[in-house]
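After this come two complexes, each holding chain A, first together with chain B and then together with chain C.
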Partner chain A sequence: MIRAVWQLRLGRICIVVLTLIALLGILGPMLAPYGPNDQDVAVMLQGPSAAHWLGTDDLGRDVLSRLLAGSTLSLVAALEAVGIGLVLGVLPGLLSMVFGRIFEWVSLRVMDALITLPFMVFAVAMTALLGNGLHQAMFAVGLLVAPAFYRITRAAAMTVIGSSFVEAARLTGLSELAVIRRHVWPKVAPAIAVTTASMLGTGLVVVSSLTFLGIGIVPPEPTWGGMMATDLNFLYQKPWGPLVPAALIIITVAALSGLADALRDATGQSGRSLISARRAKQARAKAARNAGGPVAPAGRPDDRSTVDA
Partner chain B sequence: MVTVLGGQTTDVAPGVPAVGDGPTSPGTGGSGPGRTRALHGVTGLLRWVVRTLLVVVPVFLFATFVTFVLGAVSDLSPAGVVLGDAATPEQVAEVEARFGLDKPVVVQYLDWLGGLLHGDLGQSWFNGISVSEQIGQRLEVSGSVAGLALIIGVVGGVTLGLLAALTRGSWIDRSITVVCTFIATIPPFVMAMALIVVFCVAIPLLPSAGYVSPTVDVGRWLACIILPALALSADVVADIARQLRTGLVSAYQENYVTGALVRGLSPRRILFKHVLRNGSGPAITTLGLRIPALIGGAVVTESIFAMPGYGRFAAEGALRGDVPVVQGALVVAIVLVLAFNLVINAMLVRLRPVAGRGI
Partner chain C sequence: MKRLARSRTLAVGAVLTLVSTIGLAGCSSDSGSGGGSGGEGGTSTLRWAFSLPTSWDPVTSSTGNDINTLSLVYASLTQLDEQGTAGPGLAESWEYNADGTEVTFTLRPNLKFSDGTALDAEAVRTSLLRGKTQDNSLLKDQLSTIKDVQAPDATTVVVQLQAPDYQVPLLLAGKTGAIVSPKAIEENVSGLPTAPVGAGPFKFESFIPESQAIMVANPEYWDAADISIDRLELTVAPDPATIVTAVQSGAIDVATLQPRLIDQAKSAGLGVDISPTLTVNQVDVNSTLPGVDDPTVVEALKYAVDRQQLVDVITAGQGKVTYQPFPPDYIAYDPELDDRFAYDPEKARALLAEAGHGPDDPLDLTITAAAYNQQQAELVQAQLQVVGVNSTIKIVPPGSSTWQQEVYLGRNAQFALDGTVGRESPVQNLTVVYGAQGLMNTSKVATPEFLAALDKVRQTPLDDPNYQTVLHEAVALGVEQNPSFSTFNTPRVTVRSEKVSELPPFISQYRWEGVTVQP
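And now, the complex of A and B:
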């Protein structure tokens, strides 16, 4: 799957960008020239200089160092949320195909209930009720992205589970679990990969929004969203302040949604089976001639329609 | 807000009596004469309403119960908020009894649910003022912003999506797609700050914070809500435009469009009666999926623009550990989302009867 994505130009760009950002998250704290919470009142709210490449904030803390230290927290939080969503969505999704009607009905209703909850309000409420911590907030976010995984898993599994080769496999005495592992999973995995990529983008946006509000973090701890909240208070003195954290968030989200598109193309879920880069190019040119422009990228209804088709 | 949605349906509505157009349009479904079809529509809609209620009511009960149990198991207590650290156990018990917290959780939930039916969401632990009253006062602020955001989102999204679909393949289409893809990656709070930098700091045109009621001054009201609404709607515009474009372009490739062309129907008639009706489903679904984000987005935009709205109320309540406020805010959000889902689903059913079969 990864090789097929690498063959696409879009996929290559996105993988490179995401690798760089991941490196930033892993090595960031080590690369930082100053401690993220070191204050130096002599250099408050300064512009970029040789000593402070991205300037300083209102307490004289080095913006670059805080940004690097904050990248780990922001990225890990998004990963954690999507990981929780993956487990809470995919497992019930697969089990609902196996465990009979009652489990199916109950799980469907629970997912319906979760999907009506507004993201931000629910995440805010959960952190209020469970205590103000990033893990609580991420659990809430994970719970909210679970329905997307649940639905995509069911939609993809549904196409296989009723087919005659699965029935034949069952008749030969293959256990339910083996059927899922051998026949259903290969069909479901690409769909889940696409959803994971696009949900990571959503997760990052929610994480940054929450930390922006000051929910889920204890103040001196740096995050991309939290830094922008500080910048908001000093927009009139430093209007370019939020530029770099904002750019980092946007680039990461864009790369993730690009990766979701590339995954969808590479796994033939967008109706185009593109194996080599050349054929990808040809097909894109052809699609542009027929339909005009690149096919619109991720979006939940899109996901569903592509799997249903 | 509903009138806005209605305004959009009128674009599509000419497709409804189009049964006479014959078998080329699969969206029209049934083959009988107009009247029986309309009757079918009514009973179908009724059945759909009943079925929807059967889904919505358990969902509502489940969601509220979860929030309530979470509130009960959290060790938050009004005593901590009201009395502070130096409270005696007797005082704590007295305060908890006043808020009804000495009863079992299930009784508390039923009490709360009973109050809910009368529009009573309990009292804030922090200042003892009725939660529903406080939310009611603030809904005007959030309603103004979300309403304007919805108008901008639908009008902007439909305009861009239509334009892109009608000029498909041209540079206009491509630039719309690129711009929308870019906008969709920008989180609302980043957009809000960008707007403040441009319209408040660089060109001091609009206020960067605050709210003025339209009953006081309509001009200043608009000036206050336009930036938050723009920040909230950017996502919606981009999403609707992309979904509408994709839907319309694929509808244009269907055989019934070729058929309609061959029969010499005008491009406008093809667009309104065949393509829009069949191609706008995904866009409307997207709008439905975006509604929770619009309502939830209030939490962030209201904090940025310092507006005394419902979202900021919820965020502040959360940071203070004010459980009734948080629960009340969540209930209002759930009710709003469910109501909008009903509207969206009704529109989808009207547009494509097939959609009514599986909720």
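And now, the complex of A and C:
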């Protein structure tokens, strides 16, 4: 799947951007020139300089170091929320196809109920109930993204579960779980991958919103949303301050959205057509170069003659 | 075409993300005052962005800061002048008996409440006794010095005291002495928190909880001639970062400004008034909680806080370091206490080691702070780290009573970053900060020695040559003995539009006498 995504320019760009951001998250604390919480009030609210590439904040802390440390927290929080959503959505989504009508009805109603809850309000309520921490907030967010995974999984599985090759597999004596693992899961996985990428973007925005409001973080823990909130208080002294964490949020979410698009294209019918057309064009170009003649025009991307089986 | 569609999808995604991120920024500020409705009620309208009181009934108001807004609709028996000395209010004069157990106030003639009810001695008696006896009264402690109130004639109020107490004229200058209409008390006492009826400079027109209160000038106010504002719209203050813009745009006319924004306001051509206040920031230490129950640890904490750094960062250098709950230049301020517990990290470390907290067994502490105080909390956390104290910051969410519930009533905070706006009487302030039942004395401990010193102050006439000395003795005992400690005094920084004249520098509160607003 990754190889197919890499075939698309959008996919390559997004993978490169996300890899860089992931590296920031993983290596950030090691790359940071200062401790994220090291204060030096003698240099507070300063602009970029050789000592502080992105300037300093209201307590003289190095903005770059805090951004790097904040990358880890923000990304891990988004991953945590989506991870919880995956487990709580995909599993019941698959099981609802095999565990009979009662399980199906109950799980559908639970998911319907969860869909009605607003992200922010529910997360705030959960942190009030369980304590102000990122894990508590992310559990709440994960719970609310679960219905999306549930419905996508279920919809994708339904198109496969009644097909003749699944029936045939059952007739050979395969258990339901084995049927799901061998025949249903490979068809469902691409849809889940697309949803995961998309939900990671949503998760990051929600995480940033919550931490912007001071929910889920314990000061002076740096997060992208929290840094934006602090910088907004000092707009007069440092008008460009909020732009740096905002840009990181924008780039990351845009890359995740782009990756979701690329995944959809690469795993869907039209995407496979596009890739096949591109391969054909490359082959023709190569042949033309070898023959020394002009390059033949490419077929339409959705030309059915190039569609993979 | 596909590529174009994909690019378009990405572009739309990026734009949506940008919009959503900008939306985050929008979350930071309240909706602002909304621009107001013009001057329908008269020729001059003042839009003041501040905070709404916890209750519009002085008897159930739960913070000292409420005096700034309660005094819009209520007049008090006496009134503090700019320096904090008691002067005439509803009462034009007063006189103590020989032993200081009775004080007779003479009311101005022909006073009326904004509802037209006569404001006479009987009304004063009803109002003061309600504060002393009503079940949910939060003035009971302060009025406990009063034994009874008599009204021998329409303009004479005799206040009989439990013991000699020369602080009463000061005590009755704020919300403790705010007089409420007896008609409103009789007809709808439970409605007073949202529909006040007093005899102050303004009378209530409408009120939207957590949003705004609209008032118009009260022609019955005893000093109505000094009030030039026809209509006052009190709104909840917007986000501090947007205040200058809000004043500039005309959405509000006057607001409290964070000192770091003084330059911004001045460069925008707005008026900035900086005046002294009784406000003193303090750390409430609850010595009944584990971790800070050792007096040596508490003493170490007092030396561990770098007050000058707090002044420099939090008040942009506009504040003053103080080690007592009074500002320099105030009568209760004792210069002898200058540099008491001055920042000394070495001494703090030594005291902590003496208490058994070395590098191997550091003290763990929770710093409790209101949401608006996060910067101070992070500074103090770093200062404590210097002396080897590990701390976690707990932010109390905004709300009209969340701080009171967590710190004052719940008494859950080991180390709370608090502050007093001061009280009209220095003894009253000492009682709130260090008294056995003092709101800010979260340990609820006070030595007999300190209580005796307070009594001695009460028994000393304000014009007695020894008054200041006696007062300083009580202050010194409180500072030395109480686990809580003061950090710095902050000035009142106010930004105003060019159409509003300079505000008078009353040390105890905002007042509007003499303030003019161009229509």
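What we mean here is this: the second predicted complex is superposed on the first by the 270 of 309 C-alpha atoms of A that agree within 3 Å, B and C clash if a C-alpha of one lies under 4 Å from a C-alpha of the other, contacts with A are read in each partner's own complex, and residues count from 1 in each chain.
The definition used in the following text is that a contact is a pair of C-beta atoms (placed from the backbone, for glycine too) under 8 Å apart; a residue touches a chain by one contact, two chains touch by 3 or more.
No experiment lies behind these values; they were computed from the predicted model shown.
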In the superposed arrangement, does A:37 touch chain B (first), chain C (second), both or neither? second
So, A:119: does it touch chain B (first), chain C (second), both, or neither? first
Looking at A:254, would you say it contacts chain B, chain C, both, or neither? Reply first, second, both or neither. both
Which of the two partners, first being chain B and second being chain C, lies in contact with A:235: first, second, both, or neither? both
Please work out whether A:88 is in contact with chain B alone, chain C alone, both, or neither, and reply first, second, both or neither. neither
After the superposition on A, what does A:10 contact: first (chain B), second (chain C), both or neither? second
Which superposed partner A:246 touches (first chain B, second chain C, both, neither): both
Under the stated touch criterion, which partner chain does A:214 make contact with: chain B (first), chain C (second), both, or neither? both
Given the superposition on chain A, which partner contacts more residues in chain A: chain B or chain C? B
Of the two partner chains, chain B (first) and chain C (second), which one does A:141 touch, if any: first, second, both, or neither? neither
By the touch definition above, which chain A residues appear in both interfaces, chain B in one complex and chain C in the other? 132, 201, 205, 208-209, 212-214, 225, 228, 232, 235-236, 242, 246, 249-250, 253-254, 257, 301-302
Of all residues in chain A, which touch chain B in the complex? 109-110, 112-113, 116-122, 124-132, 201, 205, 208-209, 212-215, 225, 228, 231-232, 235-236, 239, 242, 246, 249-250, 253-254, 257, 288-297, 299-302, 305
Over in the complex, which chain A residues touch chain C? Could you list them? 8-10, 37, 39, 41, 44, 58-59, 132, 201, 205, 208-209, 212-214, 218-220, 225, 228-229, 232-237, 242, 246, 249-250, 253-254, 257-258, 261, 265, 270, 274, 301-302
Please give the residue numbers of chain B that touch chain A in the complex, ascending. 55, 58-59, 62-63, 66-67, 70-71, 74, 76, 164, 167-170, 173-174, 177, 180-182, 184-190, 193-194, 196-197, 200-202, 208, 239, 242-243, 245-246, 249-250, 253, 282, 285-286, 289, 292-293, 295-297, 299-300, 303-304, 311, 314-315, 317-319, 321-323, 326-327, 329-330, 333-334, 337-338, 341
Residue numbers on chain C that touch chain A, as the complex places them: 1-3, 6-7, 9-10, 13-14, 17-18, 20-22, 24-25, 27-28, 239-241, 244, 260-261, 263-264, 309, 312-313, 371, 374-375, 377-379, 381-382, 392-395, 397
